[in-house]
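Read from first to last, the chains carry the letters A, B and C; within each, the first residue is number 1.
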Amino acid sequence: MSSSNYYDVTTWPTGDPSEDVGEVINSIIADIKERQNASDVNDGGKPGAVIYLPPGDYRLRTQVLIDISFLRIQGSGHGFTSSSIRFNVPEDEWPDLHELWPGGSRVLVDLPELPGNGADPAKGAAFLVERTGSPRISSVEFANFCIDGLHFAPDGSELPAENTYVNGKTGIHVSSANDSFRVNEMGFIYLEHALTIHNADALSIHNNFIAECGSCIELRGWGQASKITDNLIGAGFKGHSIYAENHGGLLVTANNVFPRGASSVFFSGVTRSSITNNRLHSFYPGMVVLERNSSENLVATNHFLRDHEPWTPFLGIDNGLDDLHGVLSVSGSNNSVIGNHFSQIIDSEHIRPEGATPVTIRLREGAGNFVSNNHVVARNVHATSSDDCFEGQVDALLATDAAEALAVTAVLVDPESTRNTILDSGSEAQVLADRAANAIRATPTTHGEA
Amino acid sequence: MSSSNYYDVTTWPTGDPSEDVGEVINSIIADIKERQNASDVNDGGKPGAVIYLPPGDYRLRTQVLIDISFLRIQGSGHGFTSSSIRFNVPEDEWPDLHELWPGGSRVLVDLPELPGNGADPAKGAAFLVERTGSPRISSVEFANFCIDGLHFAPDGSELPAENTYVNGKTGIHVSSANDSFRVNEMGFIYLEHALTIHNADALSIHNNFIAECGSCIELRGWGQASKITDNLIGAGFKGHSIYAENHGGLLVTANNVFPRGASSVFFSGVTRSSITNNRLHSFYPGMVVLERNSSENLVATNHFLRDHEPWTPFLGIDNGLDDLHGVLSVSGSNNSVIGNHFSQIIDSEHIRPEGATPVTIRLREGAGNFVSNNHVVARNVHATSSDDCFEGQVDALLATDAAEALAVTAVLVDPESTRNTILDSGSEAQVLADRAANAIRATPTTHGEA
Amino acid sequence: MSSSNYYDVTTWPTGDPSEDVGEVINSIIADIKERQNASDVNDGGKPGAVIYLPPGDYRLRTQVLIDISFLRIQGSGHGFTSSSIRFNVPEDEWPDLHELWPGGSRVLVDLPELPGNGADPAKGAAFLVERTGSPRISSVEFANFCIDGLHFAPDGSELPAENTYVNGKTGIHVSSANDSFRVNEMGFIYLEHALTIHNADALSIHNNFIAECGSCIELRGWGQASKITDNLIGAGFKGHSIYAENHGGLLVTANNVFPRGASSVFFSGVTRSSITNNRLHSFYPGMVVLERNSSENLVATNHFLRDHEPWTPFLGIDNGLDDLHGVLSVSGSNNSVIGNHFSQIIDSEHIRPEGATPVTIRLREGAGNFVSNNHVVARNVHATSSDDCFEGQVDALLATDAAEALAVTAVLVDPESTRNTILDSGSEAQVLADRAANAIRATPTTHGEA
């Protein structure tokens, strides 16, 4: 036996990895399948392989198709640098920049045909995982390399092309039911969809850097018992940082989700799952949305910060939701919302509808939700912006002094949501709910406060 | 100096790794010890080594004995696939399966002699870590390979052999006091004991896949300051997913623990430790047990789901506990149980003792526990099962609608447990406790509710 | 294209890695810069590189200067063993020890000139990251090797030199603004400063072992959107385990922070950040400090244990704070302190000022903090010590029985802190605060208790 299940794209005889690493990897996969062609030899026979991408620029012109279990694709560097900042620097300054492009073990997604609006996004994927039959494809691992979509494309708006977050490209698309997959230490950038996984079981998405993508993590179809943990994530204004549908037992924890996703976490028909212990930051309402009867979930000890876009190139952009939508919006039953901190730092002149009282937690439909021990801090700021992305954000983040108190509705319960329990999550005046239909204990206040 | 502290089992001259990787690794360890034979040469001398297992099938017929610090054993793939599903597929369908066995960098545990009932489980370990003297053995690391026990064995019951979760095999057994060990990104499957570690200090068990094993993680003897974080774990019905005894300062967090362990987390004489922010799912009562005076622990913001086995091969199996045992059972003092969500989804026809009111949190012995802000959701379902493991589980998980409310005792305090504080964790009727011996504030309800 | 962006320090032609790995790595970096000299070639050009250190002892006599993005420095072993225990073993027993020094892929910091008191600590760094101009240096990664400072130095006190935690040495010092850095699976030991990073954006410090250093993690200057997660950390008595200043959106979670740092977590001017779900253990008051108007932070579901030094060599050492300081001390506004467990296990004879009632949570300055659902357990023990570090600590940790109740002030609100809300965090007698200036709901008690 030799170490022949270890492959290096730079030493493989077929194809040129700098010109088309997709061709190289497909050729390697074909070799693995040819060599590992019997499913039961000495209690084994198909152990899979590892494909290594040393640091380097690898253009991908051919989609990689993965249809074998136990394949690990691995690099030595997640390679993120901000393309968004770079493309918003005047072009005549580019020669002075140390580097223009992301790096590490970097795959440049350059497929000849990309899906347009409404087309199957799988066609635009650098890595497509698809296999029919039984068992479900298992234990595919992606680790520590970079997938870069290179450019965004015009979207018909007045936005510069590089700011649209659309280009038809996907980093990894899994279309078949799968088990025990891992995505660890990866970098994703400038993709319309970073990571889309259908029908996942016991999936782990851990310690990745997924930013400046249209949408970052999308768990589609249905699935169970998965985790999205300890990632740095920030989607574009049209997409979601974390999206899941029809999942049960999903654990979303220890993520630092920064702007500017339309939502930080969006659950549709998700049950018995957890959003706990994350740091969430957004420039719009609808930061966390539980919709389509998402029930029996736990939303606990998260830090929510909703403030304003401070970076000039994206001023005026939003996700279309007004301030009555709720920073956290719940359509579903028997959820628990416990021990969260909300900072709602808004320029009162920008509130929509004009003159409205912004809503922090909104229960829209369902019954039996338990909302307890949430702390809502609301401040009125005069929003400012800066041409410098990093300094603008840090300045805004650190400015807690200048602001004055802002009146908010801490909890709004719509008539379609009943029999909820709301404890210590807002003063008597801050909780708008039918007291006959819901059990409410207002947060105590000192004399003279509401 | 050459890179001679890097070893690859497939290129080592002694032994055949496909026939007996244990012999190969022991020979490598002997080489390390021969070369690194002085403890103080130029302020160093015993840096240890890394042993690499490329993806492949490696039978292990000889137990590996690790008695040197700073040894890292590393593969390129955790290699899990469900053997439980495979062995419950009719054998005539096996030829149609894509693969039959786990993969990745896979160690097939095939020791000639295995301990029977009551024998020392260390004898059945693929990897035994043992060293006397000082200092404690330190910084042994296991990373990203698969340990597969291949088959389970008949246990005298009517269960098919492959469903018994017993075979006398252990993945890694550490019998000596140890410091700063790491187990990361491993896969364990079809072992009676996946990982048993005695007398651990500053141990990290992180981001592993440990499933379809009798017991998964067992911290035995005593220990301190360790962490079990971000793992996917699911034991068999006779064992524990996470077990610890006589540990202090243990952090169990961000784990997704799926069925069917007899318990998800079992603490015996554990103090000043945390079970926080996990997603826990079980088919039986006794999901989390604190026993033998486990005290001053924090159990917070976990999601507990207790429902029924939906997969036909294991119907009728349980852990022997009835529904009065408590989903969470506490024998000990001064623990904190804060902000947890409990979903108790039970077929009322299956409640034992028949007609009983199931208990969610039970305080058995001790004093001074603080139980606050827990949300108990209880639903009566008509349990169904399916021959398809994955679909059966997902369907059951996502079904939140059909159920009706089920009466439960949210908190039951036995007379042997006193001076507890129970706040906002159940309505007046749902908290059964001596009001003179315990301080209780019931969760407010709307009119007409109990 | 060859795999020429992969470097191994043991095969590089310039320098001798065992005598000066700094010279070797600097030579490699020069080679990378020479080869990757254009910033825009085929949409790439500067992908960076990986530098590998196999397990071994590598003395570092020349500081490494990193001024390129996308550089990953990687080993195969974090290599921690307790130098503190070793140096406190009588020297005549050293020949009997299995090993004397840390190991793994180990860098021995042995710079010829070290900064003295008040000098720039960057001069004492093994790895200095510094680059001016734009963009900020990005995606530098440090993974799975050991940085060992070898010895501590006399500090003018009566302490043995090896117990002072000072030597002028730093492991990694980042002095320039940076983006998307990663420090993963590293080991740091016997350094005055393990890891000092200025002006970080989207930094990840994950799954490291940082112990027996003067200070462990220091985030200086300012920064945002970073995470310190899942580490094992323990600083010396003069320094901090985790320190951050002027950061926003920092997530500190899932860490196990053991003694004996002057503080476990120290925030200075930090806003909108989270300290959640950590296990924290200290021998002194001031375990977690929010100072200089640290505001809108979330401190939730942490386990705090404050008890006494049990190891003879450090008896009598402390951080200079008395028991009125607070285990958690808050100067700032609108913070949330929710669902924490505090165990305060003190020998009443050692309380300072003598006869005082120790304070658990202290609100010093600011307004609008929300302190809810915290459980304070206070016990009076007769502190004992042991010559054996590990056994002494474990014995102390596990001893919950012998103790008797100790009167404490669970929450003390200074007059300079107003309009706070304090709920269910102490009995009426345990909360000392101006009831007109703060809203208070005491934890209910049974009859006859205070």
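We adopt the following convention: a contact is a pair of C-beta atoms (placed from the backbone, for glycine too) under 8 Å apart; a residue touches a chain by one contact, two chains touch by 3 or more.
Just so it is clear, the model here is predicted, and its values are computed rather than measured.
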Same vs different contact residues, subunit A with subunit B, by half of numbers used: different
When subunit B is superposed on subunit C by its C-alpha atoms, the rotation angle in degrees, nearest 5: 120
Distance between chain centroids, defined by C-alpha means - subunit A, subunit B (Å): 29
Contacts with 2+ other chains: residues of subunit C: 230, 254, 277, 301, 338-339, 373
Of all residues in subunit B, those that touch subunit A in their complex: 8, 10-11, 16-18, 54-57, 59, 76-82, 85-86, 89, 93-106, 108, 150, 185, 187, 207, 209, 211, 230, 232, 254, 256, 258, 277-279, 281, 301, 303, 305, 338-341, 343, 373, 375, 377, 390, 393-394, 397-398, 400-401, 424, 443-447, 449
Touching residues on subunit A, where the partner in the complex is subunit B: 1-3, 5-6, 39-40, 42-50, 68-72, 74, 131, 133-139, 141, 177, 179-180, 182, 184, 201-202, 204, 206, 222-227, 229-230, 246, 248-251, 253-254, 269, 271-274, 276-277, 293, 295-298, 300-301, 333-334, 336, 338-339, 368, 370, 372-373, 419, 421, 423, 436-441
